[in-house]
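Okay, so chain A shows up in both of these, paired with chain B first and chain C after.
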Partner chain A sequence: MGAEATPRINSALLQKNVGRPVRLVGKVIGLNATHAFIEASDRGQVNVQLTAGSIIRQGVVEVLGRVNPDLSIAEMSSFMFQEDYDCDTYNRMVTLAHSQPELFGWA
Partner chain B sequence: MSDFQQAPPAQTAQQPLVEVAPQLPPHALSAGTLRAIAAAGPESNSAAGEVTLQVLSIKKVAQNTAQAASQERFRLLLSDGINTMQAMVATQQNDHLRSGAVTKNGVIKITKYVCNSLSSKKILIIIHFDNLTPFHSGYLMVGNPSSLDENAPAAAPAAQPAQQPIPGMQQQPAAAPMAGFVSSHQQLQQQHQQPASYGGRGGNMPYGGTSAGAQTQQGPPAAIFPIKSLNPYQNKWTIKARVINKSDVRTWNKNGREGRLFSFTLADESGEIRVTGFNDSVNLFYERLQEGQVYLVSKASIKAANRMFNNTGNDYEMTIETGTVIELCEDSGSVPQMKLNTLELARLMEVEKDANVDVIAVVRECGPIGEIVTKAGKSLKKRELIIVDESGFSVRLTLWGRQAETFEHSDNPVICIKGARVGDFGGRSLSVSMGSTLSVNPPMNEAYRLRGWYDSKGSSMDFRTFSGGAGSSSSGSSRGEIKTISQIRDENLGMGEKASCICAFPDYVRIRASIAFLRKENLWYPACPNEACKNKKVVEMGSEWRCERCNNSYPRPNYRYIMSLSVTDYTGQTWLQAFNETAEKLIGKTANEMNELREQNEAAFNAIIEEALFKQYTMVVRAKAENYQDENKVRLSLQELIPIDHVSASREMIETITAILGRI
Partner chain C sequence: MSGYGGYGGYAGGNAGGGFQGQFGQQQQPHHQQQQPAGGGFGSPSNPFTNTTPTGSPGARKASDPHGGDAHAARGSRADAGKSEQSLRSVTVKQLQSATQPVPDMPFRLDGRDLSQVVLVGRINSASTQSTNFAMTLDDGTGTVECKKFFGDGGDEEEEAARLAQFSEGVYVRVVGQLRAFASRKTLVLFSVRPVHSANEITLHCLEAITMHLALTRGLPMPAQQMLQQMQQPQAGAFGGFGGAQQHMHQQGQQQQQMQFGAGMFTPLQQEIMMLVSQQQHTVEGMALDALAFRLRGRAGADEVRSTVDYLSAEGHLYSTIDDAHFKATSA
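On to the complex of A and B.
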């Protein structure tokens, strides 16, 4: 992790984090050569601009990227998960964590 | 009220009586006033007001004076509808009586009176009265008044129902069999108001110490006192009560003097009292007194209770002596069977430590007899049970002494304890003490219900405990919240109530931990391949392995794991012992396989061990206190190894976090 705070977010938290690097976990629901469409843990859709050599494919992914002013994410790196994830539990964790930002070093 | 009483004094001849239809007199009686007058002190008078009473009988009494017949006195029996009292009429009122104006069952209003005491009886002296029913005859008696004096005969017109119950006749609905502790909540409500006069018959000859055996019947029937009223200041009482909690004969030896004693509790509707008999009383009464039977007792001494040994709640206790009279009483219907006020196990938290409760529950587990050494140096037997009831809780119950020895029940009986002592071990615990009564499978409706519940549902249920952790269950697997390693130490899981006792039952707890280290030496032991020998260790003899149990020798033993492992979670580290099943799961190979592998390829063996390290599991740990080289230590063993279900684990953690956040 770099020195810059990189919060975990869902689609609702994009607005608050424009310009920041974030981690977004979600299910790939759409994919083309340049973009991926991710359903975040709060079921909102996020547009991810793929980086060159992106490994994103069908499944559950964690995207590390910077939030653009138009609320899309510019991918910097990704990690594909082997299994499904429980999006409701994950989402509750995200919400909880954001209620205590000082615990995580998120401003 | 017009004045009928001024009959002309000259008229001594009686006027004709007015016959009325048989009915109650139209005037209301001053109910309850006779009792008030009697209680109002030695010389109460009519300052309190007028009293309207019914005249039940009129008697002319000759006065033993030298004067003439004009000094005849009239004595009346008066009733206020509830009680009766004797009365003397002041002589200035004699004319009204001689004229016949005052009639049987007529009503008079007394305007001036004085109440005197004559020996133990109260007499109303009527100074002035109004006759409300002059010359009216034929009225009915109001109510069924009884005498205020306990020993005086009650008013006895023909219509009155028999007051003296025939021995053996029961006035209550058919009572349950006397033997055993049958409770019935209805019986609690049956109050016997009247001081019933039982003739002391009961089939058995009364026995006491005053004459050897053949004692003649008692004289006039004695009044039965409620146990609640017994006190040291009055000793002419008889009680009718049931024997419960009969103890063994105990001996003592103090300063070279020996003595014997036994004790029991007597219970009637009003309460209980603890009774002790010493030395000769033991010889006289111990054998004959049977628990559950009802006796008439009199002539024993009452003194202040020694609260340490006495939990009846009575301020006093009784000592029976050689002069005490105890008779078996066959008419026991009025004495309630065991008065039970049972509490659900779930509500034990509401009860303070050291209080007494009654419980009825099913024995889920019956521990073995253990022995402890008391501070006095005596050895005491104990046994622990786990009891459960429909409230969903399970509680530890400790038996002591003879009860511990004789209680051997592996069939999950229903158990009923009256007067169990509450402790706070593990949250809440129960102990059967000297004053408790314990009955197994009592013939009570409550017991039948519990039996049905346990057989259909209860035996497979999980129960909660007051310690908040996993309930104890013999299957080893326990539901319950996850605890941490530091909590195992902090909460002293596995340790018994007192440092000197070994807790018969282990605690089970769940933790989420990672394997930090596996001891590679002595990882397994050689066991007998014969299933019947239950994995007994075998000894190497030459090229064979010999089993003592089945007396056979085998070329190869069955190796079984006995693994020491160190586990950690975010709070700390601890050592566990794992046995064959769980160790196999950890390593992924049987002990036999690993044994061969170690000999052939040590590097591969080590690699497999390393592969097992640092994996995280949910572990069910069993904590049991053991006496090892004279020290009590808690030993932890791994009962179950469960792969982590991350989703449910996460949910649990979120709940905990939310709860914490809610608190701050």
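On to the complex of A and C.
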């Protein structure tokens, strides 16, 4: 058991997690060959630098990646979800989870 | 299967019917024949956590199909005898902090035995061995080794084919039991199924938080205060206590309420539960008239009726020979 914790974040939590691997769930609002633009659960926009062979496409995605100093995310891997996504409840969950370090260990 | 399947079964006991009695309109008695819906988190002093497998709060969740493995899950729980069996939503970090005071005995977490757990996470790596399917699950709080042993009999190929969909990067929901193999914690899985909606993550994390807090702090006061606010306009319920007094009375009751689940019951509910419990030894239980008589001066007959309806809908009481006789669901 072990491995580094990968906190779930929204756009507001990027700052605190620079340099760390994080999980960002959100809606893909823009996509080109090199970048994806994700609307995070707090409705803020996050830029994601796509990795080679990225599977990101239109829809709801979880991106696992590292936060760059400029608050963009360097994608490591992603998972596409179905469209069914309640972003406000997810966002409240993220805030709540960060207040429960015993369960999640996200600073 | 939607991600809310597991939760819907729980909420079904509370929604609608739970509040119908509150407003004292259609006095439909709620014949609660299944296991208790309320107090399902089994706080240490909560008598509503039954020791029989079907009575356990966890059985409710396991009845939602996790790919037919629910039967295996239930069967093995029945074998385990009288120890508490519940299905708990947890995070990997919690599994890491679970302790095993006596080797080969169940793990403990938040002051309860950990029997079966649910996790939602992404597969970091997976491989099929001769006897089992092994994978590493990562839920953002840590990673855990999981193993699904193949059943014996001819279905091994089918199973292997079904498990082939679970490859690196896939989100899954697993149900399993924590074991220690050579001082390394492993999750022996009863079921694995894919997660399709991000809402499942939300649901799972919220469940884990709720269960943890319910076990460590008891169910929240706000739920109880909300209940009182709903009762207030109706029959001047608790008018006898008065506004500020009522709140203080509540706090005072907190300690005494340990018996029926910390912070869960209003004083009236508490009293009704205690009175009804005194008739547990009889076949028919406590009659509504007798209950109203005992509570005269403190609560009107209508209020007693509606509170009994509410408790019944929540699963704390059940009607016996007719809808005017009740017994408590816990021993």
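Here is the rule we use: the second predicted complex is superposed on the first by the 104 of 107 C-alpha atoms of A that agree within 3 Å, B and C clash if a C-alpha of one lies under 4 Å from a C-alpha of the other, contacts with A are read in each partner's own complex, and residues count from 1 in each chain.
As a working rule, a residue touches a chain if its C-beta (ideal position, glycine included) is under 8 Å from a C-beta of that chain, and two chains touch if they have at least 3 such contacts.
Keep in mind the model is a prediction, meaning the values are calculated, not measured.
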item	value
When chain B and chain C are modelled together on chain A, clash or fit	clash
Chain B versus chain C as contact partner of A:Ile73, first or second or both or neither	neither
First, second, both or neither for A:Ala5, with chain B first and chain C second	second
Chain B versus chain C as contact partner of A:Leu50, first or second or both or neither	neither
Touching partner for A:Glu62 - first (chain B), second (chain C), both, neither	second
First (chain B), second (chain C), both or neither touched by A:Leu96	both
Chain A residues touched - chain C or chain B, whichever exceeds	C
Chain B versus chain C as contact partner of A:Asp86, first or second or both or neither	both
Residues on chain A lying within both footprints (that of chain B and that of chain C)	86, 89-90, 93, 96, 100
Complex contact set, residues of chain A against chain C	1-3, 5-8, 23, 25, 60, 62, 64, 77-79, 81-82, 84-86, 89-90, 93, 96-97, 100, 102-106
Footprint of chain A on chain B - complex, ascending	647, 650-651, 654, 657-658, 661
Of chain C, residues touching chain A in the complex	2-3, 90-97, 122, 124, 138, 140-145, 169-171, 184-185, 195-199, 201-202, 205-206, 208-209, 212
Footprint of chain B on chain A - complex, ascending	86, 89-90, 92-93, 96, 99-100
